[in-house]
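The structures come next, written out as structure tokens.
Shared chain: chain A. Partners: chain B in the first complex, chain C in the second.
Up next is the complex of A and B:
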């Protein structure tokens, strides 16, 4: 086994917390091949365990792809350690409805990505042939798309350069496919320690891509995904979070399922308000009416199910200053007040939901905040109409 | 000419007829109520105050390098009661005594992280010029340095801990203190907390003084935001940012509200009247405007949440009593306000 492969295996295993070691290893197909008889790793020092495993992998000639697969499994367990961007693809109207073939998807994804990367290195953005105006504002990826679509295989590329990129797939729950891409160059082997992950749900227009510093590779990736899944266009949505499952739930509108089956009109009068009994009964009555109203509106907007988890929402405001204070402040100024507002919380939507009942916000809350799941956005630019 | 520079060093009362001024000639009961209100808001001073001096009052003999290292560093604030029998002529001796004290504490087996080994040295020096008036005593700088074990590497001295004591426009305190005392009510520390505690213990023992952490409440944070927004900065290095924390929700929520510094300045200029001084009414109005603009968009009442941090191109301050000064020009102005807060806490 190559020394770099051994190192890659070692570093991947070292990342895994001891408590999860057996679960993750058993999910790894190669673990059965190394015929390891261990069924438990408790009470063992991690270093010696890793040492043994690496030796066994060496014996059985583990390949980069085996180690990459282990890394995918680890990442599936620790998906919240990455920040995920949502991408949406579209088809041209009237396009044929294709049956999805996973095998074909995987092989064409890999091929297209390798070719695109090769092209990108042969024709850097500046030298790429200029084509129709539609592509000029779309940058490098669009130009490549033009090159490829004009005859993707017309270019004389008999040899597929394998070391440009290494691509690994793993089928996951709900038909999803996890794709791990390690990027290389013409001169350098793929860097296995800074991969990009793509989670694609076949026959849907959505893909989730882990954000990385290699920004230039993302267009190529989007392009490979678009062509392989037989779409025509891909757009990055203004929607990102660590919580992949919540992004997925929002995008596929799965978060309100509990809401639909649950009776939302529980009699609110039954709930104790915890007010002092000696208080004027009319005040209690007034309070209760107001509390009920706020509660009702909040539930109408947010539902009474647990909110999908997001950590932040950001608003770039470029709106004119208007004040209820009515003192002519900034009245003559035509320029907008430029603000950047960022809300952050371990569970943003739950936090927002609690604002009006706590008396911190009006009920209903601003649509700017309540539209997040519906619009599938958490980055906004707000301007005056 | 700079409109913010006024020659007087004592805050000038505005001649306008604001409710505050009416109280001056009010009945004893009203006056008492007024003082209660002042205390309730923990306001060190409700009268108008001057915005930080544009032209710094640093004396010309000040070593610019000595001041530069005070900037862009996060300092934890403490207030300090006057030091008994502190002498500027004994700084060398204090260095030796504090070094010995730290070494002794270390040998006692107390958890003191001042370096991997005991090769430490303490240095006391006067930071000349970091003061508001000639009556203010010179600021004092204390550093814990690591001694290089090899003499050949003597060029490299690592600073393990830094703390400094100052008094900028501390007239109100200076007037009340007997002769044997030195007033340096503001103490700023950067480095391991264990070192801060150790230095604090030695000062308390040696000069019979007492330290207490200086928190900055929302009221004072608002003042800082307004005064610093009012400052003329050559180059904006940061946005005017407010960080609000929302209490009493099952999930904590932080709201960062950043305003383009030019726009924040325009808003300030619109609420601000008399040049050279800032009034409580203006500060309140400035904050109300920002909150109202926010409410218009998000329907959230920021006034019901907690202001925890403000940052501008001049400085940033956290309610925990952490400060970072960014602008050399307004160093003295920022320190003057902090000195005022420290004196208020001592009194």
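Up next is the complex of A and C:
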């Protein structure tokens, strides 16, 4: 086994908390037999366990793809450690209905991504081949020369491709496919420690991509995803969260499915009173009617099901100062006022929902705050009309 | 009954009624619970209101003490109190009104300066108490204190009147020294 693979396996296993070790390793399946033996000595220290596992991986000649699979499983368990972006794909009207074939999707995704990446590295967007700047021209020809000097062109291409990127797939719950992409260049092996994850639900126009610093690779990824899933365009939505499942629920409108079953029979009056059921009769609420109104409005806007989890919403404002009273320095400004408002909370929608009932804000709340699940966005730009 | 007057009604037998006004219902509720747990010879009644004026279509006992709760973390809560104060008869300010500022413990969260509430209390010649209602032990001792004030204001403590109490509490120049 390659030394780098051993290191990769070791680091991945070390990331896993001891409590989840068995579940994750069993899901991995690569060393099921060893696991059974291990469970008896679970009190053992993690380091020695990792050491033994790495040795066994070496014995069994684990490959990068095996280790990558383990990394996917780990990420599936710890999906909230990443920030996920939502991408929406569209088809051109009149396109014929295709049957989705997972096998075909996987192979074409991989192929297209490799080809796109190869082209992008041969002809970087910044220094396109027709550019007449001398230095960039030099750069390109030098790179081409490296490739050509290695022998027959075709042979080199395949070598380059192997170097460029490593793609691993894993089928997950609800038909979803998890794709892990480790990026490399034509000179360097793919960096296994900064991968990008894509979660795609077949036959839907949505994909979830983990944010990474490699901004330049996202368009290529989008391209591969669009073509492989037989769509025509891909757009990044202004919608981002750590909670993949919540994003999914909002995008697929699954979050209000509990609506019918949850408390549907008890009338509103009873439920709002039920909150104070253990209340002392000596405490008298003067604004009972107002409280009920607030409760009702909140329920109309948010529903009475648990809200999906988002942790921030951001509003970029670009507006003119408007006031009839003080025509001061602000009113005479020609430039718009720019400011950024960010709301953050461990559970933003639930927090917004409880603002009015807690008496912190007036009901109803501004539609800008309540439209997040409906509009499927939490990054807004507000401009003057 | 748009304006709340202290002498509109006759007092109930051995009853002392306090009105807590503040936007944050949960805090008021907790404070009310703590007050009712206090050992007290009078029958306590706690009315909770988000704002004044109170709805006029119900009968309620005579109110002996009004406490306006300002959460220093929320400007909205201060505005609400300022608005509500306009619906209180001047006679109430002869010792039957108190201000309670909560949330001063977490300075970084404050959006209302302490001096603002200080000035407000001074303008209305009423005592200002500081207490972090979110801390259980603080809330309990504040409840204890309010119950004593309420008993005085309801006239259940022989020899001390509300006005008397006001002059006692206002004796220190700086009301913030009154805090816990």
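Assume the second predicted complex is superposed on the first by the 301 of 385 C-alpha atoms of A that agree within 3 Å, B and C clash if a C-alpha of one lies under 4 Å from a C-alpha of the other, contacts with A are read in each partner's own complex, and residues count from 1 in each chain.
Everything that follows uses one rule, which is that a contact is a pair of C-beta atoms (placed from the backbone, for glycine too) under 8 Å apart; a residue touches a chain by one contact, two chains touch by 3 or more.
Computed from a predicted structure; not experimentally measured.
Q: Considering only touches as defined above, state whether A:321 meets chain B (first), chain C (second), both or neither.
A: The first partner, chain B, only.
Q: Return the chain, chain B or chain C, that is in touch with more residues of chain A.
A: Touched residues of chain A are more numerous for B.
Q: Once chain A of both complexes is superposed, is A:343 in touch with chain B (first), chain C (second), both, or neither?
A: Only chain B; A:343 stays clear of chain C.
Q: When the two structures are overlaid on chain A, which partner does A:358 contact: first (chain B), second (chain C), both, or neither?
A: Touch status of A:358: both partners.
Q: After superposition on the shared chain, which partner residues are touched by A:290: those of chain B (first), chain C (second), both, or neither?
A: The second partner, chain C, only.
Q: Could you tell me if A:282 is touching chain B, chain C, both of them or neither one (first, second, both, neither)?
A: second
Q: If we overlay the two complexes on their shared chain A, which of chain B and chain C does A:366 touch? Say first, second, both or neither.
A: First partner only, chain B.
Q: Do chain B and chain C land on any of the same chain A residues, and which?
A: Residues 358-362, which sit in both footprints.
Q: Which stretch or stretches of chain A touch chain C in the complex?
A: Going through chain A, the ones touching chain C are 276, 279-280, 282-287, 289-291, 357-362.
Q: Going by the contact rule set out above, which residues of chain A touch chain B in the complex?
A: Its residues touching chain B are 315, 317, 319, 321-325, 327, 329-330, 333, 335-348, 350-352, 354-355, 358-362, 364-366, 368-369, 382.
Q: Which chain C residues qualify as touching chain A in the complex?
A: 19, 22-26, 29, 32-33, 36, 43-51, 54-55, 60, 74, 76-77
Q: Which of the residues in chain B come into contact with chain A in the complex?
A: 239, 246, 248-260, 263, 266-267, 270-271, 285, 288-289, 292-294, 296-301, 304-305
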